[in-house]
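In the two complexes below, subunit A is the common chain; its partner is subunit B in one and subunit C in the other.
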Partner chain A sequence: MSKGGRQAYAALSVLAAGALVLTGCSKGGSDTGDNKKQDKENAQRQQASIKFGGASDSQGPAPEVPGAKSGGTISVPQRDSLAHLDPAQIYVSNESQMALLYHRGLTGFKATSNDGKQHEVVGDLATDSGTTTDGGKTWKYTLKDGVKWEDGSPITSKDVRQSVERLFAPFINTGPSYLQQWLANTPGADYRKLLPDGPYKGKHLPNSILETPDDKTIIFHFKTAHPDLPYALGMVGYAMVSQKGDTKERYDKKPVTCGPYKIASFKSGKSMVLVKNPNWDPKTDPMRHQYVDQFNITFNHQFEDSTKALLADGTADQTSVSFQNAVDAGNLSKVLSDPKMKSRTVEGYQPFVGQMNINMSHPAMQDKKVREAIAYALPVSPFQRAYGGSDAMDIPGGIISPTVSGYDPNFDPWNRKNKPAGDPAKAKKLLQEAGKVGMKLTFGYINSQEGQAYSTAMAAGLKKAGFDVQRQEIPAESYYDQVSKIKNNYDIFNSNWGADWPSASTVIPPSFDGRQIADGASNYSQLNDPQVNNEIDRINKITDPVKAAAAWEKLDKHIVKDIINIVPTGYFKQVQIAGSKIGGLAYDDVIGAIDPRRVYVK
Partner chain B sequence: MLRFLVRRSLGALVILFLLSIVAFLLFFGMPRDPALLMCGKGCTPANVANIHHVLGLDKSIPEQYWIFLHNLVAGSDGFAQGPCPAPCFGYSYHTNEEVWGTLMDRLPTTLSLTLGGAVCFLIIGLSTGLIAAWKRGTLVDKTFTAGAMVISSMQIYFLGPLLLAVLVYQAHVFDKPDYNPFTTDPVAWFTGLIVPWVVLSTIFASQYTRMARSSMIEQLQEEHVRTARAKGMSRRYVFFRYAWRGSLIPIVTIFGIDLGSLLGGAIITEYTFGLPGLGRLAVEAVQFSDLPLLLGVMLFSATMILLFNIIVDACYAFIDPRVRLS
Partner chain C sequence: MTSPIDVEGSGGTSVVIDGATQPPAALEAKELQGRSPGQLMWIRFKRDRTGVISAGVVAFFFLIAAAAPLIAKLYGKNPYTVYADERPELFDSAGVPVQPNGGISSEFWFGLEPGNGYDVFTKLLYGIRTSLMISLAVTVATVLTGILLGVTAGYLGGKADYFISRLIDFLLAFPAQLFFIASMPVVVSLFVSPTDETPVYVRVVALIMVQWFLGWMSLGRILRGTTLALREREFIEAARVSGAPPWRIIRREILPNVVTPILVQGTYMLPNFVTAEAGLSFLGVGIVEPTPDWGQMFSKASTELVMQNDITYMFFPGISMIIFIVAFNLLGDSVRDAFDPKTAR
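Entry: the complex of A and B
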C-alpha cells in the first residue's frame, strides 16, 4: 500500500506527513550513537523472516504480558476517523490496527517476544497457519473449537465462505484483492467475473475453488502456487464476516465482531467505544488480550496536540495512548533527549519507503546514463529533513524496507550513506558522457509542506549536476491521480510505498510488474522489463519464504542498481508516546506502530 | 413583512439552486476522481469503472444532478446503504454515512462553538467599543482601539495552539477542548469549549470594538442626537437611547454575516481544537472528493448565510423605524 494505505489514502498520507513536519527539521539532540545502534538493531530484527506457525503455536491463550493487570479504561486520541468497519473494506493502517481488537481472521501475525520484535504467522480462528501438500496450490484450514461471534453463535465454515465470496461483490472495493485475484487466477479487476454479485444472488464459488466440506474445514484451490497465503489471510481485510449478520453495504457501519472487544458505539468522525466481548474465549486466541475494560477512542487529534497532551501527562492523559499518532517533529528531539519522557516512548520503522520515480515512458529517460546521473545527483537529505530528520526517516539503500524480509542494510549503490546530499560531480561527468548537459528535467512535486521543502533542495542538487530542472507543483489532493496516469508530463516524481505483509512480494510486483501498467496503477515509473516480469513470476512460485526473500532481495538490487527506474529516498520511521499509567507498550514491527492488543492500565 | 420574507426566501432558493449547479460542475471539473481514491491495490481501469458504477458516476452529469435534486426533495429508498428521507443528500462516498444525518450529528458542535463564541465576542466587543466611544480621545479609548487593532491581526491558527500550550498543557488552567453534548453533561460542555470560545471571541471581538466605536461616534454627530442634547437630555440617556440604537445597523449586519459563516463551519477553529463540527466535515469532504458530503456541507453553509442575511434585513425594521421592508 502507499503511505497511509495505498493511493486511496494518498490524502491521508499527505496529512500524516504534514503533521510530522510542523517545525522544520533539525537532526536534533537525539541523533546519538545509541540511537544509530538501535536503528541498526531494529533493522536487523525487522528483516528476519517470519515463519509459519503450527498447531501448538496457534493455541491460546496468548502469553501474559509481564506485570499486566486487568481493568480500567484507556483513552485513545487518534488523528483519523475510521472510514470502514467492514473488514473487507479495510486496507488503511490505522483501521487495520484498530480492527485487531474486534475482528479476527483465519491467520494472524503473533508477536513471539514482548518487545514486538519477533513474529510468526499462526492460526487465529484456524488451528494453524494452513497446510499445503502441493507447494501452495491447495491450502487447508480447520476452524478451532469454541470460536464464536459476539452474539454467542459459533463461527463456522459457512461464515468463511460468505467472507470470501462477498469479496467479489461490486460494493467491496477498498480492501485488498490478493485472494480474489489468486482464486480467479487473474490480475487486475477481472476477478469479479468469477462471482459478479458475490453470494447474494444464490451463486457460490465451486468446490474446485473453495471447498467447505463440513462446518470446520475450509480448502482453497488455486491454479498456481500461492505460498504467501498464510501472510495474506493475516490481513484484516480478510477477517471474517458473519453469514447470518451480513447486511451488505450496511455491514460497514455495524459489523458483527468476534475479537476480545466489541463496538459499543461508533460515531464517524467523532468517537468510538470498545467494550469487552463476553463471547471471546482467550483459549482460542494466541495473539490477543482483554486486559482493559474499555477503550474510549476519539478522533481529530493532530500529532502535535496528542504529543503535547501526552507529554504533559495530566491526570486524564496518564491512561491515554494513541495507537496511530506519532510524536510530532517539533517535539521529537525534546522527547528523545529526556530520559523520563523517552521511557514512555516506543519507536520503530514503518513499512513505507520513499522513491523518486524516473518516468521510463519518456524518451529522454530511456538513456541509462541519464538515469544514473539522476541517481548520483539526487540529494536525499532534503527528503529526510522535510519529514523530521533522522528520527523520522532513514537514508535508504534499496526499495525493500527494514521491515520486510530481504532487506540488506549494506546495500548502498549510490553511496547515499556517505553522501546523502548527492554527488553532483560524478553525475555531471555521466551527463557529459551522455551529451545531455543542460537537458530539461520536469520534476513533479506534491504541494504539501514537505513537498515544497524537499523538492526545492532536490532540484538545486540536480541543477548542480547540469540538469535544467523545471519544478511542477501538483495539488496534494490529486497527486497520486496525476502521477499514476500513463500519460503524464513528469520526468521524475516521488511516491511512497509500503508492504502489505513482511514480504517483498507486496512491494516489487505492484511497483515494477510491467504488465500492470495502467492509469491509476502503482507501477509509477512505468517500468516494463521482460526480465523483471519473468523474475517476478518465478519468485512468486517459490514456496520457501527464506529463499523467496533472498530472490526478492536480488531483484531489488537489480532494479535499483542496474535498471535505475527509481531512486529510493527514505525509510519512514516513527516514535510514539503513551501516558505514564499505560503498561504493555510495545512497537510491533508488523503493525508498524503500537500493538493495541497488549496494553493495560498500570 | 410576510411578503418580504416570502420574496427573500424564494430568492434564497434560487441562489441555492444555482450554487448547487456550480458545485456540481466544479466537482466534475476537478482533476481528481473519487473512484481512484477508493480503488484498492492493483487498481485497474476495470476496477475504477466498477466503482464509478457503484457510485453512480457512470451516469451523465445532468442525470446525476437530476437524481440529486429528486432525492433532495423527495428522498430515496434506492440506496444500498439504507433509506434516505428528504432532505436526502445521499450517502458519503468515503464513510457510507447518510449525509444529512452526518450534518445533523455535527451541527450541535458547531452550534455550541458559534453561539458561545458569539455571546463572548459580542459582550466583549460591544462593551469595549462603547466605552471607547464614551471615552473618546482618552487613554482608555486609545488603549482599546490599539488593542483591537493588534488582536485583529492575530490568527486562530496562531493564537489557538499558543493558548492550548500555555493554558491547557502547561498551566492546566482549562480542560482540553472537547465537545460534550449540553444535554448529557452541561459542565463538561462548558469546560470543553472555553478555550475555543476564548480564541474565537478574542479574534472576533476586536472588529466589534472598532465597529461599535466608530458607529457610535458617527451617531453622536447626527442631528437628532445633537437636538436631543440641546433639549437638555442627559449624556447617558442620549448615548444609550438615541445613538446606540442607530449605531446597531452596521453591527447587526456584520453579526449576521459572522454568525451565518460560523454556523456553516468554523473550519480553522474546529481544525485547531479537533472539534468534530461542520467545518471539519467540509475539510474531509474536499480531502476525499466526497461529492454528496461536499454538496451537503456547501448547501447547508450557504443556507445558514442566506438565512441570517434575511434575519438581519428583517431586524433593520425593528432597529430603525425608518426602514421599510418592501
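Entry: the complex of A and C
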C-alpha cells in the first residue's frame, strides 16, 4: 500500500487498540455482602450425633417435599462421567450421588429436615438400621416385604450374600473396604484371603461370619465390635447387587437396579438417561421420591460452562440442575450478589478438609519445633483465595469438618481466624530456637490452577519465617500416586480428605493410624505414634456414638496441637445453582451437594 | 519471501524509478559521492514518518525492559510481593481488589492482580523484560544459525548444500507449536534435581533452545537463495579467480551483501518469537508463576476470576502487546521499504 495509506492504517490500528481500553473499566471487589452471619450459623451448627433409626423411621413413603409436583424432564449437566455403575466399585462422590437414584442398600441416610442439615441412619431395604445385642459384634438385618429388582423379581438374602461375598473378588478394587476388613478382621488389603474368588467358584463365607438363615434375614458376625456398621452399610459401595443378574465385570456398565429410576441408556463419557422404575414401591422407601419422569444426564461440562448456562436460564436450562457441578470461583460473586438467584442457589460444606502434611519420615521434619514453626508460618488465606474465597472455603481449626460429629468451632490453636496469613514472627523465633533458620523445605504442589496460585503465596509466607522453600510441581493426574509413596522427596504437601460418613472414625484412622502406612494408602504424613494407634483402637470400640464423637474430637485436638504432623488448610464449601423451574433444592450435608432425590419440575 | 535484492552503490547499474531520468542521479553522484547503501537506507528510512514513530515505540519498550529493575526501585515495589497477604484490607476473601478497576491508585499505578495480589505495574515491566530478553536471545541464535547454515549451503553447493537443505526440510516438517509444548517439560526435567524447584534460568534456557531448534530454517532458506544468486555474480568470480579461499569470500564479499535480508527478516522474526514465547507461557509450559512473564499475564487474565470480577487487568498486558507487535511490524515494513524502494507500493 502507499506510504500515505500505511500511515492511515497505522493510525487506525492504534486507535482501535486504544478504543478497547475504554471498555475495560470494571467496578471493584467481588465480596458478596453479608455472608458472615450465614457462616456463623454454619459454624454454630453442631453436627449433633446422627441417630440410628428404628422400624418406624425406616418405613416408607418418604415425607413429601413441600410444593412437589409430578412430571417433567430434568437435564443434568455433569463434569465427570461415571466410571463405575457397579455399586461395589463406587467410592467417588459424583458416582455415589447419582447412584442414590437407582441403587439401594441395607441402610441409608435419611434427611429429617427439609434443609438437608439433619439426618438419621435408617433401614433402606432393611426394616431398621440394624439390631445388635452384644455391642456391635453381631448385627441382624431383616429385609422389608415388597422390595423388588427392576424386572419385578424379589430381593432376597441370596442377593445380600452375593453383594457381600463378591467384595472379596479381585475385580472389585475401587470401592470402600471397611466391611471387608471388618469381616476378615484385618486392616489393609489382606482381607481378600478370606474369600479369594468371591462367590464365583462355589465357595461361600461360613455361617460364623455371614449367616442367611432365611430369605429375609441376614446376620453379620465380627470378631471385634463395630458399632459403626449402620453408617458403613449406608454407603453406595455396599448397595445391593442382583445374584441372578451378576455379570461380574460387565455389571459395571449394566447393573441391575432397584431404586425409583432405572438406567435406560448409558454412553460412557457422553450421556445417561434415567427413567421411572415401575417396580419401585414408594411404601418401602423412606428416603426417595419419583416426581420427575426422566433425567437426561450429559457429561464433560466444566464448572464455568454449566454455571454460565444456568445463569443465562434459557428455555432448555430452566429445567436443568447439575448434581455435581458447583459455581466456579470466578462466577461466585456474581451468583451470590444477585437477589434473583437467591431462590435458585444452595450452599453448604463439602466433607473435604484440606491438610498440609508434614512428612514424618524425613529426619529434618522430626524436630517438633520445626513443625511448630511451619504451623505458625503457613498462610492458609492463599488456599481460601485459590478456590474462590470465603464462599468456597472456610478458615480451619482442626481436622474434623463442620459436617462431622464432634466438630468444635472454638478450636483454633494457630490463631488462624485472626491471622489467616500466618504469624511469621513467631515462627522465626521458633526456628531460631531450633537453630534451623534458613533450612530447606521441599514443597510438593499439585500442578493445577489452584495449586500454582496457593503454593506460590504459601511459599512466600514460609520464606518470611526463614524457611528456604523449594516448590516442586507434581502433575495433577498422578498427584496422589506420587505423594502417597512411602519414599517421596516432599517435606510438605497438601491433601484433601473427606469423611466417608459423618463420623470421625472415617477421618482419623485412615489418615493417622500408623499401621495403615503403605504405598498408595492415605496416611500421607506417615505418622506412626503408638499412643495414637492405641487411642484409635480404644475409640473404635465405643458403642455410644455421642461419646465416640467426643473422644475423636479430643484425639483430633491432640494431633493438631501437640503432634503437629499436619496443618489444616481449609474446610471445603460449595455453592450450587439450578434452573428457574427446578424445585426441591436442598444442600444435603451428608451427600455434600444437592440432594438428587428431592428435585422436581415446577 | 523477499526477492534477492540488487545492491546499489558498488558500481551496479542504477534503476530508473518513477520516470526519474539520468541527469539528476549523475548530479547527485557528483555532489555526494560514495554514499554507502547503509547511508542511503538511513536517509530513506528517516523520511518515513510511520517507521520513525514505530522505531521510537520499539526502542521505548526495549528501554523500559532494560531499565525495569531501576524503575521498580524508584517506584518502591517488586512483582513478587503477595499483597493479598501483606495488605489484606485491599482485597476480598477471593483475592479480588476491592477498589474499582483492579485497585488503580496513586500507590499501585496499574492496580493489583486478582488472586495473590501482585502489583501489575512492576509485573508488566518485568514480564516485558523476561519475554523480550528470551525473544532477543532466540532471534540472535536463529539469525546466527541461519547465516551459518544458509550461506554455507548456498555458497558451497554440492554435498553440503544437499545435506543442509534436507536437514531444513526435515525440521520444517515438525509441527512447531506441538513440539514446543511437548518438549519443554522434558528439557526442563533433564536439568533439575527432583528435590529442587526448577530454577528460572533452566526454564529460560529450555525455552531458548526449543524455539531456536525450530526457528532458524526460514532465514536459512532465504539466505541460501540469496547466496546462490550472488554466487554467480562477476565480482565473486573475480575474487575466486584471484585466489581468495572460500571462507574469505563468504566473509568479505557475500556477507555484507546479505545484511539486507537478514535485517528485514530479523525485524519480522522477533515479534513472532515474542508471541510464540507468550503463547507457551500462556499454556503453562513456558515461564510459570511467580516469575513475571508477558504471556503468563494473559493466562491469568483469561481465568473466570479476572473476566468476571476485574476485566481491567486484561488490558495492561493486552494493550502493551498489541502496541508492541503493531509497532514492530510497521517497523519491519519500513525497514524493508527503506532498503528496497522498488518493492514499496
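Here is the rule we use: the second predicted complex is superposed on the first by the 564 of 602 C-alpha atoms of A that agree within 3 Å, B and C clash if a C-alpha of one lies under 4 Å from a C-alpha of the other, contacts with A are read in each partner's own complex, and residues count from 1 in each chain.
Rule of thumb we're sticking to: a contact is a pair of C-beta atoms (placed from the backbone, for glycine too) under 8 Å apart; a residue touches a chain by one contact, two chains touch by 3 or more.
Because the structure is predicted, anything quoted here is derived from the model rather than measured.
**Q** Mind working out whether A:452 is in touch with subunit B, subunit C, both or neither, as first, second, both or neither?
**A** second
**Q** If we overlay the two complexes on their shared chain A, which of subunit B and subunit C does A:304 touch? Say first, second, both or neither.
**A** both
**Q** For A:403, is the partner it touches subunit B (first), subunit C (second), both, or none of the two (neither)?
**A** neither
**Q** Can A:157 be said to touch subunit B (first), subunit C (second), both, or neither?
**A** So A:157 meets neither subunit B nor subunit C here.
**Q** So, does A:94 touch the first partner subunit B, the second partner subunit C, both, or neither?
**A** Neither partner.
**Q** Considering only the touch criterion stated at the top, classify A:177 as touching first (subunit B), second (subunit C), both, or neither.
**A** First partner only, subunit B.
**Q** Applying the document's definition of touch, where does A:355 land relative to subunit B and subunit C: first, second, both, or neither?
**A** It touches nothing on subunit B or subunit C.
**Q** One more residue to check, A:250. First (subunit B), second (subunit C), both or neither?
**A** first
**Q** Shared contact residues on subunit A, subunit B side and subunit C side combined as an intersection?
**A** Subunit A residues touching both partners: 1, 6-7, 10, 304.
**Q** Where on subunit B is subunit A touching in the complex?
**A** 30-33, 36-48, 50-51, 53-54, 80-82, 94-97, 102, 105-106, 161, 164-165, 168-170, 172, 176, 178, 274-276, 280-281, 284, 286-289
**Q** What residues on subunit A touch subunit C, complex-wise?
**A** 1-3, 6-7, 10, 13-14, 17-18, 20-21, 24-31, 304, 328-334, 379, 381-382, 384-386, 388-392, 420-422, 442, 449, 452-453, 456-457, 460-461, 469-473, 489
**Q** Within their complex, state which residues of subunit A touch subunit B.
**A** 1, 6-12, 15, 81, 83-84, 91, 170-171, 173-178, 181, 187-190, 192, 248-250, 252-253, 267-270, 298-302, 304-305, 308-309, 311-312, 314, 316, 475, 477-478, 480-482, 484, 500, 510, 516, 518-522
**Q** Considering the complex alone, what residue numbers of subunit C touch subunit A?
**A** 48-50, 53-54, 80-82, 84-86, 88, 92-103, 115-116, 194-198, 288-290, 303-312, 314-315, 318-319, 322-323, 326, 330, 333, 344-345
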